[in-house]
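Shared between the two complexes below is chain A, which pairs with chain B and chain C, respectively.
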Partner chain A sequence: MATSSLPKADLTSSGRPVFLPNEIECSILSSVDLECDDIPNFPLLKSGLLILTTHRLLWLPDNNPSSSAAAAAAAVALPLSFVTHIFSTKKSVKTLFHSPRVRFQASLDPSKSVVMTAVMRGKGDTDAFLAKFWENWRARAWENDVQTQTQAQTAVGSSSVSGSGPASGSGGFYTREGAVRMVGVSGILRKEQEMWESTDKSLQEAFQDLNALMSKAKEMVILAEKMRQKLLSGSSSKSSATNDDEVGSKEEMQDWMLSVGIVSPVTKESAGALYHQQLSRQLADYVRIPLERAGGMINLIDVYCLFNRARGTELISPDDLLRACSLWEKFDVPVMLRKFDSGVMVIQNKSHSDEEVFARIKALVTNPDTLRTGISASDAAMTLGIAPGMAKEHLLTAESKGLLCRDISPDGFRFYVNLFPEISTDDVYLVKDYGIYNTWVRVASASRILGWSECRIKDPKPCLGHI
Partner chain B sequence: MQKLGDFKLPHFFNYPPYFTLQPVRDTREKQVQLWKDLILDYCRTQKIFVIGLEEEDFALFSNPVIERSLSHEARAAFLSALVSEGRAEWLDKGHRKCLILWHRVQDWADIIFRFVKDNGLEDSVMTVEEIRSGIESRGTELHGIDRTILMRALRVLEQKGKLAIFKGTSADDEGVKFSM
Partner chain C sequence: MRRRPGIGGLQTAAAARDQYRLVGENVAKIRTDMMKEQLATFRSQLEEFARKHKNDIRKNPAFRSQFHEMCAKVGVDPLASNKGFWAELLGIGDFYYELGVQIVEICLATRPHNGGLINLQELCILLCQRKSDREAVSEDDCLRAISKLKVLGSGFEVISVGKKKLVRSVPTELNKDHNEILELAQAQGYVTVEEVERRLSWTSGRAIDALDTLLDEGLAMIDDGHRDGKRRYWFPCVSSNSNPVADT
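Take a look at the complex of A and B:
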């Protein structure tokens, strides 16, 4: 029976709910039971997280690191549009001894409505939650969405008329309101002009004062998202006609738009006591893409910048970031915080292995050229495709494992493959016929002969460095 | 293979990390071992008894071919390693000069003992200076031996009753009476 259960809620791999477009998280309470006596076989929803958003009421099982898949299966969501009534709490002697509860009526299918009860067993401000619940339910944010969506559809329809032909447009040359649509190049230009004007206007308003900026922030994010969508659709439909330059700038534009992107940042206001926990999960979801780009490891400072940029106005402190990262140990997330011996902290994929990096470093230091000259951190950075600071950490780790050893000279700080274990202490002149020491001896003596002859030909000074 | 005078240098003398004090324990232990052996080897073949801590004091401390030289810290570390093993001694409190004992003092005493036996000097008298530069010691390891080391080796023998040291009129004409 369809009414016997609530709709399932999608979760990210780190256990954060997947939000709808424009959906914003408003309040989180922990240790909440969700009960419903009117539905037979109603699942046992005990002591989970209750998340109130502008669009839905979500219930997630509490964090059990071992079974994120099970958690995802059990998570449910009740769209606020289904709610038909919210009961106000009665003050009585009974309520003093009870755990606080919120009761509301919802119609899961049109013919029948049921009464549901959320029992708050944990700490948390139930009254504030109830107030927000009312507020969001009354605000009917989901209806605005439907409107903006239809607007967006008509807008896309009108701008794509010239490209896709009138047949595919939703209303031919006329919009629903009956106004004549702009057709052809002039139409596109006009549309662009209008868009820029409205953008310009909203930008001017936004910068009037900080409060205005804060209230405009959401619109800005939506605007960015819209422009991204438009760019995406534009590039796919006209890819044959555009030249590389345009594609390049479009990609760049998309990058900028993407980096703005967290629509519903976890805030202290919305998450309360669960702030760091929820922040930690959101961060885990967020860093996946930057991590992938950085090759599996990224500096904590870089993440701090990227993450705050994505959050827009709801900035977090470095301390919050660190706490969010250190909470990862307790959750089943695919990323981890790592501290190098030097004190540098990075975020890396759990699947990231040092052995793989070491193998690449070893390959790098044992080729004939680098065998003789060694490598600097920037050489390694270029070959491994990572930041020099990060490369240095890898080299130092490889050194501590005995793979490399260092050479500090006026020329700089370089690393060589570690030959010390290969050298015999019984006979210092012994060079075995095989092995890396033998290769190094041959390469080094060959280069010296070459170096001397070069010196004789040229001015001696420039080649002193590589003798 | 590279040479320093008539001394044959090992290949790794041209390995740049050999001249940087390695921070990793295992690597450093090996590096220190190689340096100790090289310093003792070189001093023995070149008959060097005292080396200073300054870079220009000792030929091995720098390698112009690869343009590398040991830092002060590294030089002190390698010499200290020799001192702690009993193969060297600091001559001053400031640790600026170091006496290298490629033979330990006890070994030097044995060498003197053999020298006396081989030359039939069991009951004779020699000055210290004669042992260092006389006709008898020519061609032996004792020839040109550092005076400090020689005196220490002689004292070891004196304690065993093998000889008696007596003072002359000035410091540089001390004499030795063997009684072996």
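Take a look at the complex of A and C:
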């Protein structure tokens, strides 16, 4: 096996790993080397991020210096299913001087298994990591996935074809009407009765204590889904009670929350010292969809709500959110935090940034009409389709960039295109045959013929000395 | 079923069918009721767990995601801390943070109807509805929770219009209400509060707030001198647009 080493891991644009459907992040350690002496040409994996999930062991390069593209190319993943043995750490004098390390055996190739070593050079609880590693490896979450998939398939099959028998196993608590072909009416009734009782029983069992609920979690999730669908379909076909509608609307809202939900939120517990950094990346990934919906700019407080909802019980505080946002400057992410003078903070797309807005403002102020009359904040607001407050903000920024000139007069606060850059300092009376200055002169003189000869003194437009 | 001839036979068959249908409907109804009951149990149990075992749930990432999924499916709010002694006294703990998330959520949900301006009282009522009568939320709690959001900029604030307290969740920079008023003003060059309320079917708080902001921004001017005694808001920026400066 010459080059076939570890499978590649996909990264998001902000440098977070892309997780598998049910994969959940459990622990993160920084400054970890991954070594393997058994494979020739094993890539140099030095001081990176080691992420343990329920399904895989991921190694990402610490991407401070290099670009995110380079980071994405170097990231590797080892499915836990490949791991055949985890060595327990031997306590000896030698280990006291060494950086702590975790050794395990993995078979990347069916024929041959290799020993790999993760050397933890950074701070972090190695023992806790090892314990988690063991736990996740033993739990074999990836096998459950295959099971639930087939279960879901059979569940879908039975409800749509309605051919299979009544309530079989944990998958079917309720079957559709007509699916139950029993002897006589009493048979049907008995069957119904049994079903309710079994559901009741499993509910009771599951909620005895936390451990019971944990072991039955998957089953309960399926049950919850079943109940919901049944009730929702019932209430939509005959909107009988208002209570149903209320349930429906509430679920719709939460459904939306869940649809953009975060399966594996970064937590202080899993990420440790890397908490804010990882949180920042996750937020950058998450915020893209709400941002698109809001049209490229969204209030930070709205994001606070949405992000926390997506995280479920893993609430973050406003301070954490702010810290995460302010870290964006250091990473290569497509979003940015923007603070207005009024104190309002928003998140916006970098692509939705000033350059694009300036281009539109420029187009607006250089058309023949506005060359003469200028634009106000409200004109800009209407043309750009944004709020006047925002438009004013943009105009002022454009002014500070030298794109516009202001005019404060009894007519209000108006902005004109800045013509000064086109006037050469050698000959202020020279009007070139091209350019916006020329256009302006023509427009202005045309209007002068109409009787508009007044040259306002406060007007900073270059109407110097009556050309 | 054996088929019998004659009209009597038909009638019996029809009666039997009716009977079956009745039983069927009955069963269906009982089933829905049962399910609702079970769902209610499910819900209350989940809520209980969310509150009691919060820390344990947090510690286990795999279970947490499943728990979260359950909550979402049956419509339970997983954010359910109690307002404890310390939370009330010092404002620490998750309670006010959670309340904050819930408040913003309500504001987001009602924004299409009220343009991001909601009466504090109404907000409290909506909040209490969600909290499933376990614990009442006072206006003071709301204010405290909102003050926790201050870190994230001034996009969320409590303003007073008359005696009422309103919560504004849309900052001026992102508020599109002003555009609508400007559009309305284009016809005559001015608007009145009544006109805005009537034409855009807004509440008076929303109209007054938007007009006040436009006034602060220097876009509007007040005219109290008209014969009908109604305050007019003139918009020079709009009117000068419709009849160009050329006529000065």
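Note that in this section the second predicted complex is superposed on the first by the 244 of 467 C-alpha atoms of A that agree within 3 Å, B and C clash if a C-alpha of one lies under 4 Å from a C-alpha of the other, contacts with A are read in each partner's own complex, and residues count from 1 in each chain.
Going forward, contacts are C-beta pairs under 8 Å (C-beta built on N, C-alpha and C of every residue); 3 or more make two chains touch, one makes a residue touch a chain.
What you see is a predicted model, and the numbers here were worked out from it, not measured in a lab.
Colleague: Would you check which partner chain A:406 touches, where first means chain B only, second means chain C only, and both and neither mean what they say?
Modeller: The first partner, chain B, only.
Colleague: On the A-aligned overlay, A:192 touches which partner chain: chain B = first, chain C = second, or both, or neither?
Modeller: In the superposition, A:192 touches chain C alone.
Colleague: If we overlay the two complexes on their shared chain A, which of chain B and chain C does A:140 touch? Say first, second, both or neither.
Modeller: A:140 sits against neither chain B nor chain C.
Colleague: Pick one for A:388: touches chain B only (first), chain C only (second), both, or neither.
Modeller: In the superposition, A:388 contacts chain C only.
Colleague: Where does A:288 make contact in the superposed view: on chain B (first), on chain C (second), on both, or on neither?
Modeller: neither
Colleague: Could you say whether A:360 touches chain B, chain C, both of them, or neither, answering first, second, both or neither?
Modeller: A:360 contacts neither chain B nor chain C.
Colleague: Once the structures are superposed on A, label A:227 by its partner contacts, choosing first (chain B), second (chain C), both or neither.
Modeller: The second partner, chain C, only.
Colleague: For A:103, is the partner it touches chain B (first), chain C (second), both, or none of the two (neither)?
Modeller: neither
Colleague: Once the two complexes are aligned on chain A, which partner has more residues of chain A within touching range, chain B or chain C?
Modeller: Ranking chain B and chain C by residues of chain A touched puts C first.
Colleague: A:121 contacts which: chain B (first), chain C (second), both, neither?
Modeller: A:121: touches no partner chain.
Colleague: Overlap of the chain B and chain C footprints on chain A, residue-wise?
Modeller: Residues 411, which sit in both footprints.
Colleague: Inside the complex, what are the residues of chain A that reach chain B?
Modeller: Interface residues on chain A, with respect to chain B: 374, 399-400, 402, 405-411, 414, 416, 418-421, 423, 425, 428-429, 431, 437, 440-441, 444-445, 448, 464-465, 467.
Colleague: Which of the residues in chain A come into contact with chain C in the complex?
Modeller: For this pair, the touching residues of chain A are 22, 24-26, 54, 139, 141, 174, 177, 185, 188-189, 192, 196, 199-200, 203, 207, 210, 213-214, 217-218, 220-221, 223-225, 227-228, 230-231, 234, 247, 250-251, 253-255, 257-258, 261, 263-264, 267, 269-270, 297, 299-302, 304-306, 308-309, 312-315, 317-319, 321-322, 339-340, 342-346, 373, 376-379, 381-382, 385-390, 392-393, 411-413, 447, 450-452, 454.
Colleague: Of all residues in chain C, which touch chain A in the complex?
Modeller: So the residues of chain C in touch with chain A come to 20, 23-24, 27-28, 30-32, 34-36, 38-39, 41-42, 45, 49-50, 53-54, 56-75, 78-79, 94, 97-98, 100-101, 104-105, 108-109, 148-156, 169-176, 178-179, 182-183, 213-214, 217-219, 235-238, 240-241, 244-246, 248.
Colleague: Which chain B residues qualify as touching chain A in the complex?
Modeller: Counting only chain B, the residues touching chain A are 1, 8, 10-12, 14-17, 19-20, 22-24, 26-27, 30-31, 33-34, 37-38, 41, 65-68, 71.
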